[in-house]
Amino acid sequence: VGIVGVGNNTSALVQGVYRYSQPEGINIATERQEGILFPKLCNYEIKDITFSVAFDVDSRKIGRDLGTAIYSEPNKYPRIFEEDLKTGTIVQPAPALDGVPEFLEDIVEVDQVSKPSSEELDSYFDFCVEKIHLSKTDVLVNFLPSGSHKATQFFARAAAKGHAAFINCIPSPVVNSPEILELFEKENLPLLGDDLESQFGSSLIHRTLLQTLETRGLEIMRSYQVNLGGNADFKNLQFRSDAKQQSKKKAISTISSTPDRINIVPSGGFLPVLGDNKIGYLMIEGRGWLGMPVNIDLKLSVQDSSNAAGVVIDLIRIAKGAIDQGLSGYVSLSYYFKNPLDRKLDTDEAIEVIRSFNSDTSA
Amino acid sequence: VGIVGVGNNTSALVQGVYRYSQPEGINIATERQEGILFPKLCNYEIKDITFSVAFDVDSRKIGRDLGTAIYSEPNKYPRIFEEDLKTGTIVQPAPALDGVPEFLEDIVEVDQVSKPSSEELDSYFDFCVEKIHLSKTDVLVNFLPSGSHKATQFFARAAAKGHAAFINCIPSPVVNSPEILELFEKENLPLLGDDLESQFGSSLIHRTLLQTLETRGLEIMRSYQVNLGGNADFKNLQFRSDAKQQSKKKAISTISSTPDRINIVPSGGFLPVLGDNKIGYLMIEGRGWLGMPVNIDLKLSVQDSSNAAGVVIDLIRIAKGAIDQGLSGYVSLSYYFKNPLDRKLDTDEAIEVIRSFNSDTSA
Amino acid sequence: VGIVGVGNNTSALVQGVYRYSQPEGINIATERQEGILFPKLCNYEIKDITFSVAFDVDSRKIGRDLGTAIYSEPNKYPRIFEEDLKTGTIVQPAPALDGVPEFLEDIVEVDQVSKPSSEELDSYFDFCVEKIHLSKTDVLVNFLPSGSHKATQFFARAAAKGHAAFINCIPSPVVNSPEILELFEKENLPLLGDDLESQFGSSLIHRTLLQTLETRGLEIMRSYQVNLGGNADFKNLQFRSDAKQQSKKKAISTISSTPDRINIVPSGGFLPVLGDNKIGYLMIEGRGWLGMPVNIDLKLSVQDSSNAAGVVIDLIRIAKGAIDQGLSGYVSLSYYFKNPLDRKLDTDEAIEVIRSFNSDTSA
Amino acid sequence: VGIVGVGNNTSALVQGVYRYSQPEGINIATERQEGILFPKLCNYEIKDITFSVAFDVDSRKIGRDLGTAIYSEPNKYPRIFEEDLKTGTIVQPAPALDGVPEFLEDIVEVDQVSKPSSEELDSYFDFCVEKIHLSKTDVLVNFLPSGSHKATQFFARAAAKGHAAFINCIPSPVVNSPEILELFEKENLPLLGDDLESQFGSSLIHRTLLQTLETRGLEIMRSYQVNLGGNADFKNLQFRSDAKQQSKKKAISTISSTPDRINIVPSGGFLPVLGDNKIGYLMIEGRGWLGMPVNIDLKLSVQDSSNAAGVVIDLIRIAKGAIDQGLSGYVSLSYYFKNPLDRKLDTDEAIEVIRSFNSDTSA
């Protein structure tokens, strides 16, 4: 698997793959703990995953082993291993195509090599394709910060040309871009996205509670969801929240008959004291029998980046399983994305779909 | 329909039936609002429900029209209609078989007629059977306070003998009592219970959230649920909480693999300032990817008695539908009870079951 | 009293003055309820307050009676009186000196007359001075939206020239501007500000709790405060939060020894479903005996604009009292402002100060 | 100092005294952290405190070194030191005068020697007096569980006869018992109590917030406080809550003009999952300008026993200081007790009082 963007999510993913590949880690995973639903999925265990290539724009990460880069500033995900990991994979420079917004200038240190002129861009593209191709990367995971539209499309095209499936974890349109979707169909490669839904986040809880109210026949009068965090992604989100808000709203509106009574704030504040911790506040006001009020106030606290890793660990194996089965184009895993092509499944249906992948490949 | 116990739940039920039987109320119900899932169920609309008989022990209620008694002390459910309702049904005395605990003495005023000697009890039973029978009551709903074991069994037997189906809304064993179940089977009458699950209460939300965590592969580390209220039922519950706690625990434990990590307090405090309002506090601590913590803190506020009415309105019609279909004995509506005979269904399955009743009878 | 900015705060103030001037309203005020600390202050009762002049930029307010304009869009403060009030004071046009930011364009409708060219500005100034002067306005209250730096200075100067005291309720520097302060000293007029502290808001609660921890010897480890609202001021704040954040931070830091461990977000989100309601979330993590953790989670919900009115009602009378006493320049009421010139007093000291005004003038 | 009741509070106190007497602990204390307000008080530092005698009824504690007994079941306070402490003081048997309630039978193991017949009681009393006297105990601290009325009076008399000051940390009347107060006056010994107010607990926060509302002129409409915990004291409190509730109510009512609108539940539930953790939920509904609502919802989480230790550490030194000064009878430290003889001081006054002790003795 290859990685675009060596941030907190990548840190969680890499550290987790190492931990759950160790003998005692396998036991933990097998006993169905710590967020791992499928110790074995599409014939692959966690220890079958290796990191083949990684890209980033930050000069503190480029040129280092991925196992060292994940601990570099401004990453804040907790360190599980005392010593840096040795993955053997060196972080490659990525082009900073979307610029670095003013508010991130004191956080991100963009390397000179990540600022190619427009003439150099074509050879940069070839460079990335080659890296993906030569490293025999099966699946490229996009962990860039929200709002990186151009870079996301750049790497989706690079994956297609470099013969890798692509998993788009951010709101920028990839499966929702007809050209890119067509590209993957043509290249006979799977494409998954857009915008990863956390394993256990505000959107999931919000949707679950709203659904429970509606199932019981209560009317939703007003509701809001506000998220707070302290990592770089949150600072980014505060200013580039449009795509995220749309995506989040869509994730909710599929179940609610009154989406205009629901307000969602993807990033209500960049709070450095929170670090990689993420706080979500939900409020729901409903009305039941004889118009009597029902009120819910909820606070959710999660490790932001763990939440992504727990889902991506399945998607990587499903993407590889899809390749093994010769599937191409859009892979329907709508449960795991806030903005899929088709309608969102509910939990039971989603697990059915995954089980079907599982059995198809194990056959 | 007949009623045992003219408390807040009965007030909510009677007022609601009147409201939703009025022309503008029918519209509200039809537009699927205010907690009414089925404007028509088993061929019955809400306006088809009439109150045929009612029993209580309190001297402020006995001998009065049910439409006046529902507004008597110590009831606290809000008054929807300015004037008392005229149901034409006079509240009959019920025997206070379980005594009135010391802590309720300043709240409940037990009428002399409700304290029969043991010799008088048999004729009291005949009196109640006759009242049920002569009023042509189809369904008797048990809204007695928690802990009224003897009175519940008394009225279940009276219903069986008086040819009425019985809906047991409290934890005292009725469907869980083999003798009583056999009695209803013999009399060819439907029996529903035990312990009503609120339309939208702490148990539902708690179960939904715990289930969501488990479905996503997170481990539940510890969790609690504490309920607070200010009506007589809550004062009662604080001292007679054993049956309720068992019933609540069972409602949760069907979905959780670690029930010993979950503490439930049915009545954490009798708070007069709350009136008929009910507050539930939930806390869930889980663990996900790399052991990272997930915490949920939730406060739920509902009108206690509205919550019961919204469910009973369906059960009454289903019980009547079951009679129409000639069903007898235990009616499997496990979704609506905390302590049913069979395993609890999830929401989708439950709605399937109700739909099946609906279509069977409408055929 | 004259008003600059006919928004929700003004609506709360005008409606309150009318209500508490009616016979039954006086009783409410006298019984020390509803947020009125001083039924009589500096010899003035609430009914002594009349509205002499008002300015706004919105075409839906200009030219109307103030008692009608307070109910115009986009105001959201609840309507207390069924019919519009008749104040006899017509809202005058104000110059939109700070422009209307893009995000408010669909909310505010700036009248043509409020867009003077730079040449017309001088005569506009004279017009405003004349309005203040001829209406014999004693005190001009600045209720402009946050970020209106130029307009605030414009009206402060206009007040000085029109012989009115000035109360600056927003963060823009007025008492913190040496030139303007000097101007008021020269004109022998009182000046109060900057940035009103709500009667009962997040900053007060946050400061009180942090202070309680420190007084008990506990160490503050980390803390945050996030505010949410749905009125135009909140939409405004989300984009113009810098001055507000500084002002809020200063309000907290005077009591905390570790201000860098405290994050404050003045506007964590514009949530239209909230209307004029304001929500504040606070979190405090401390450490006590043997390093054991102490955690506080708090949710505060208030009517945003009521909060301002309850304080301004005192400040207006104090400002008038200061005029009566011949005080000029900065009036030290540091308790009521987030960004005063001198150190913030605690509650007891503050009440002493007000009492002193009270007795001085009643002498 | 001598101790009655070797529970969680004693564990926190003993471990803390050891920790803050070590060189690095002294630094922590001096830098005014971790809840220690006065590194030096009445001329005494923390390291000047030694444990001279200890009493308990549990067979798992009697006969062991106090430094081992504090880690015995059912204590749940966290272990700070890997190895047991060596205090040199052996836990002595105490008489179980108040019986052990049924609900504690599976938690407490009362030693045979702690069940004296009524004839043996006199010699038991002499035994305790002798232990106190011979160990030269200056101050005896009562850390018995709530509801231990007889045992508290027993040990208060034993202290008086054994020439030790007495600090009563529970609601049982000691300073509120005229006979016992007289006894201490006669014996020329200081007496402190009743019912310790936690260093940072629900009562303090509740009182602070209610006071803030009233100071700002808002009316309190309704409010509640519910406490949850998982240690033996909480199980005890749930059944013996009367004295505690009175004491807590008194602590609040001194500041509120509407005590009947405030409900307090000292123990809303015994939740084993919480261990020595204590949760407090507060709700306050107020009304301000134009009757607009103000709502506060708060969750407080503290280490229960740390909270007591942080206050007792001061009281021990003040009691000793009072002896040094020759003070006898009631020592007015109303700030630190929920049920003192005189009116409760506010924080500033309280610190003045302590400062006065400090300087008197250092003179």
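By written order: A, B, C and D. Residues from 1 in each chain.
The rule is simple: a contact is a pair of C-beta atoms (placed from the backbone, for glycine too) under 8 Å apart; a residue touches a chain by one contact, two chains touch by 3 or more.
From a predicted model like this one, the values you see are computed outputs, not experimental measurements.
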Could you run down the chains that neighbour subunit A and subunit D together?
B, C
For subunit B, which other chain has the most distant CA centre?
C
Comparing B-D with A-B, the one with more C-beta contacts is A-B
I'd like to verify one number: the distance from the centre of subunit A to the centre of subunit B, where each centre is the average of its C-alpha atoms, in whole angstrom.
45
For subunit B, give me the residues that contact two or more of the other chains.
297, 299
Work through the pairs of chains, note which ones touch, and then classify the graph as line, ring, star, complete or other.
ring
Chain pairs in mutual contact under the definition given at the outset
A-B, A-C, B-D, C-D
Within their complex, state which residues of subunit D touch subunit B.
222-224, 226, 228, 261-263, 265, 268-269, 271-274, 279, 281, 283, 297, 299
Footprint of subunit C on subunit D - complex, ascending:
12, 15-16, 19, 32-37, 78, 80, 199-200, 204-205, 208-209, 212-213, 215-219, 286-303, 306-307, 309-310, 313, 347-348, 351
